[in-house]
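I am attaching a structure below and will ask some questions about it afterwards.
Chains here go by letter, A, B, C and D, matching the order in which they are written, and residues are numbered from 1 within each.
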Amino acid sequence: MTNDHAGDHRETFKHDPIGHAEVRAGMTVDELAAEYGDGGFGATALHEAVDVYSEMLGDDVTNFLGLAGAMVPAGMRRIVADLIRDGHVEALVTTGANLTHDTIEAIGGKHHHGEAVSEDGTPREHDERLRDEGVDRIYNVYLPQEHFAAFEEHLRGEVFPVLEEEGAVSIQRLTEELGRANAAINERDDVEEGPGIAAAAYENDVPIYCPAVQDSVLGIQSWIYSQTSEFTLDALADMSDISDQAYEAEQAGALVVGGGVPKNFVLQTMLVDPDAYDYAVQLTMDPPQTGGLSGATLDEARSWGKLEKAARNASVYADATITFPLLVAAARERIAE
Amino acid sequence: MTNDHAGDHRETFKHDPIGHAEVRAGMTVDELAAEYGDGGFGATALHEAVDVYSEMLGDDVTNFLGLAGAMVPAGMRRIVADLIRDGHVEALVTTGANLTHDTIEAIGGKHHHGEAVSEDGTPREHDERLRDEGVDRIYNVYLPQEHFAAFEEHLRGEVFPVLEEEGAVSIQRLTEELGRANAAINERDDVEEGPGIAAAAYENDVPIYCPAVQDSVLGIQSWIYSQTSEFTLDALADMSDISDQAYEAEQAGALVVGGGVPKNFVLQTMLVDPDAYDYAVQLTMDPPQTGGLSGATLDEARSWGKLEKAARNASVYADATITFPLLVAAARERIAE
Amino acid sequence: MTNDHAGDHRETFKHDPIGHAEVRAGMTVDELAAEYGDGGFGATALHEAVDVYSEMLGDDVTNFLGLAGAMVPAGMRRIVADLIRDGHVEALVTTGANLTHDTIEAIGGKHHHGEAVSEDGTPREHDERLRDEGVDRIYNVYLPQEHFAAFEEHLRGEVFPVLEEEGAVSIQRLTEELGRANAAINERDDVEEGPGIAAAAYENDVPIYCPAVQDSVLGIQSWIYSQTSEFTLDALADMSDISDQAYEAEQAGALVVGGGVPKNFVLQTMLVDPDAYDYAVQLTMDPPQTGGLSGATLDEARSWGKLEKAARNASVYADATITFPLLVAAARERIAE
Amino acid sequence: MTNDHAGDHRETFKHDPIGHAEVRAGMTVDELAAEYGDGGFGATALHEAVDVYSEMLGDDVTNFLGLAGAMVPAGMRRIVADLIRDGHVEALVTTGANLTHDTIEAIGGKHHHGEAVSEDGTPREHDERLRDEGVDRIYNVYLPQEHFAAFEEHLRGEVFPVLEEEGAVSIQRLTEELGRANAAINERDDVEEGPGIAAAAYENDVPIYCPAVQDSVLGIQSWIYSQTSEFTLDALADMSDISDQAYEAEQAGALVVGGGVPKNFVLQTMLVDPDAYDYAVQLTMDPPQTGGLSGATLDEARSWGKLEKAARNASVYADATITFPLLVAAARERIAE
């Protein structure tokens, strides 16, 4: 308990004490984010993430957004669409699942809060019952399977026929056409929900890259259609476009929400670029201890040259359905000031 | 992909669709919390937690707060002290570590943001260097070891001598005396930081229970002092008081921040009560899959009779240094309306 | 603490008590697995996984193996190759990363244990140093970047030219040709390491599906080559083959190691099949609480019709570099008996 | 993709390549552990843990075992008891829960595999039903509440009366007497299960420390008895004994299974010692990212002086009900060779 070295560290530490976060009724989200800056552990990381992301939203930064998994069924659709619409996304890398569920909402389908869901899931008999009732479960979100039939109809009526004549098309070309078709639907009076992600991207000339599109219901429908038509997808074509975007960026930033292919594809784009990301923020709940890319630190990406050695970066290890809205609200407030 | 059962579920689901969370510059924290209610996954849980905790802050509920681990070094000290001061805590169950670090701040010591800390920790040579420099590391929070000497002096000068004459004292009696001594220090002009947790509890007659007090520097100092004095601690004495509080509560609520002994002790108090918690919220990052109590769902506690079968409860699996300030800010806003 | 219902449950529980796992020097891996059956929590799950996987290795089951992330750099290459060689895999779904690293080993490259690696990673300056030294880090595994140049040479010399003449090829066709080229290398005297995954698959007519091949160095090299040649990849072509495999299977089993695209692609194959998996085992460390597919329970897959309602399934939430070797060793012992 | 620095690192890395783990039917557990040494990620850590723990089992090392949570209900009872009986534990630090459940088994009670348990828990109605049936749930382990009545009878008949006459006793004295009483029961013919942890410790003069004993049913029963008798527990008395054990150890080793108080208490014992642990292994599933002590790396403990700067240590982040039996089986095999 004694300390012969007292004082050695004084110069090192006294300038940056942990404060004591304070909260009060009616504070704004960025005021809360400022309080996180007083704290340690994950609070430090979230505060830093808001700081970095606010800089990324400045004019000079080309922003790549990686959006994993099933963030649309989790209710994150409008936040992404609004970021696109407000010019805060120059390239979106996402999953076929997100585009599938985005389109289901665009054509009037709904996801639902699961009823009587326990805190940690549902037992076998419950999923068997859902199967009998024609309901698909995504953790605590339920989706009537009938919406997939409407989705199929939308694709076969409005999307695939246009592309059929173009020969092998890029995946980005598919997502663009999907956005056009979704935007058209959203102009109808009977669809209350605003235009979604694909529609917003289409209307704002933001490319959507979806490297593993086969791995989704959108991909399955694409394949089924390709069986009886000339429609095909070129797996490699998009890489030129995203590489060009990276190459032309004066400063590049990456916001990575979740792991998987979207995270890796956003990051690997810099492997063929002499430069690398100047800014990077990731919101993840996968732990780095597994060694997988999804949970890997952004520091690790530095060794590969995906981040500049001098890049600013922050990783927040917590549920992204909580941290993503918080990050965006705080950063929007910061830049509005 | 076909669905013979379309329609069976319509009545079940159409009333509660997933919405689309929306964020905007300048929104308040509770406005953000309301948006979480539109979302799925963890966002659903956090929204529910705010809802339940807001009810808990009503007049009729006796609130037990379990505060685990090292939330004070992580900057959560003032939020807890303010909750106590505003009458939102009737009993605090916490660790010796939190009381140790709370007192270090009370007597003018500081914790510090670790410099040059990587996203996922520090390598061996770094901790060896910290050892040489007399700095203790708690993840990304650094504490000069010299503060422990000041802490020892405070205990031996202001706290233990008073208790020595009382024979075997309860642990709550120790924490109460610690709070008195800390409150006295905080009245000095040269200590800028407001009164902390123990001081606030003392000043507001809120008991602090600390079942594993031995397992901390506070405990080590207590033991050292006991070696040369009549001072001793009775391990069981507090259980009458906390049981009485539970028994007398018309309605009881538990807010559990982190796991460990504070979580279990808050919950087990209801094992000797014919009633159980009517409300419970937990903020944890331990996963339930390990089977440990720290990550266990609150539903599980229902089987033991720790929660009423009809209790309202919510578990948020995410970094508590992020969710605790958010929860408290939102609930405070809700009840101020 | 009283229990008015004593006895009600006797019939329910007395037949299946938790035992007491026993370990002794020299026991075999399946003897250990049997002991897990006495335990609770994750031990129960691992025991069940061995049981299910042993059944899957019977003659009548068509086995789909989903292999995520970076299991090859983590040393799992030979275990997978041996399963293929011994007829225990009918279809492999994996990442471009695994195929890239498998090939690097096939051509004589090596991955390395990171030296002086801390338990939880390395700080920024360390990754900056690795960058300067030309070393890529994958958690605690290091890879000299020079191996990527040799990999490029191998692809451009032995793999792509053959495919160039075939027009748009399927991704499986690419992996097949890669396997052929790797198998040829491994026949050389100076390459000590046995044939890897792609080579084993080639030699045993096991198709390798790699839906997100673009998302890897293999994909980047494919794209670069496509820029100056007729070589292209058809994103959808493989789906017919894997669907046919699923359709023709009398009984189908899925072993899913890690999450991501390999997990989802293995499971979604049953969406276009009137039947579903009869057996499924997953080894994952992503938690279900995030709502993501990677950590989702296999029960959830039942609601989608990816698993038969009566399927046998087990999910083990623990580091797959530990559980995968253990599972395979135990199941191999079981079926050898 | 080019690398101007090729070769710089050759000396650094070539000596320690990642191998390719190989498994085969009938291999022993330590043979499997050896294969982990070829792998990366968690496999590396587990291999190192076996290596370190094998050294700890040598003659000169005084071993402290921290056993958290509910490892006894999870079936780990005999493994711990056997380690004690074979002289591999000099001090056990554990929870009141483990001692409670150990004793329930000693007196003939049984824990049970939960029937019809889903992979990720059970919904609210299920726990409500368990409540009605008088069954307590610990994740996937079920315990009829009636066993607590038998446990109470055992304590009040065989344990407390002996201690009542001794005045304020240490917690270790309570656990010792519990062990004596359990050992006596286990000699009866009608109790098939071998002597458990407390009994083995009693019979081998191994002290059991249980700092948070109040936080358990054992603690509740102790308190109830203390209400109507002279029986009391001294919270601080054990610290002299465990400190003496640490002080007298020539070499000290810590095996920490799970986090919580047992982990911290084992480690903090070195805070009052001029020396520190020479060896430490922890098996945990709590992530370090939360900042909590339970998931903290052992490197962090180095900064505090709990581990020697030159200590050998390993942390395995995976389900301890899987890794604990594996570690012990492998180490036992190693030292038997």
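One rule holds for everything that comes next: a residue touches a chain if its C-beta (ideal position, glycine included) is under 8 Å from a C-beta of that chain, and two chains touch if they have at least 3 such contacts.
Just so it is clear, the structure is predicted and the values come from calculations on it, not from any experiment.
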Checklist entry - Is the contact between copies subunit A and subunit B built from the same residues on both sides or from different ones, judged by whether over half of the numbers are shared? => result same
Item to check | Centroid comparison with subunit B (C-alpha atoms), farthest chain | outcome: C
Checklist entry - subunit A to subunit B: how many Å between their CA centres? => result 32
Next on the checklist: Suppose each chain is reduced to the average of its Cα coordinates; what separation in Å results between subunit A and subunit C?
Outcome noted: 25
Checklist entry - What whole-number Å value describes the gap between the mean CA coordinates of subunit A and subunit D? => result 41
Checklist entry - Among the residues of subunit D, which ones contact at least 2 other chains? => result 1, 40-42, 74, 118-124, 126, 135, 138-141, 217, 220, 271-272, 285, 287-291, 297, 299, 317, 319, 321
Checklist entry - In the complex of these two chains, what residues of subunit D are touching subunit A? => result 1, 40-42, 116-126, 271-272, 287-291, 317
Item to check | List of subunit C residues in touch with subunit A within their complex | outcome: 68-70, 74, 97, 120-124, 126-128, 130-131, 135-141, 168, 171, 211-217, 219-220, 222-224, 226-227, 232-236, 238-240, 258-261, 264-265, 268, 271-272, 285-294, 296-297, 299-300, 302-305, 309, 319-321
Checklist entry - For the complex, which residues does subunit D have touching subunit C? => result 1-10, 12-14, 16-30, 32, 35-36, 38-46, 73-79, 82, 105, 110-113, 115, 118-120, 132-135, 138-142, 144-146, 148-149, 152, 193-194, 217, 220, 285, 288, 297-299, 313-319, 321-323, 325-326, 328-329, 332-333, 335-336
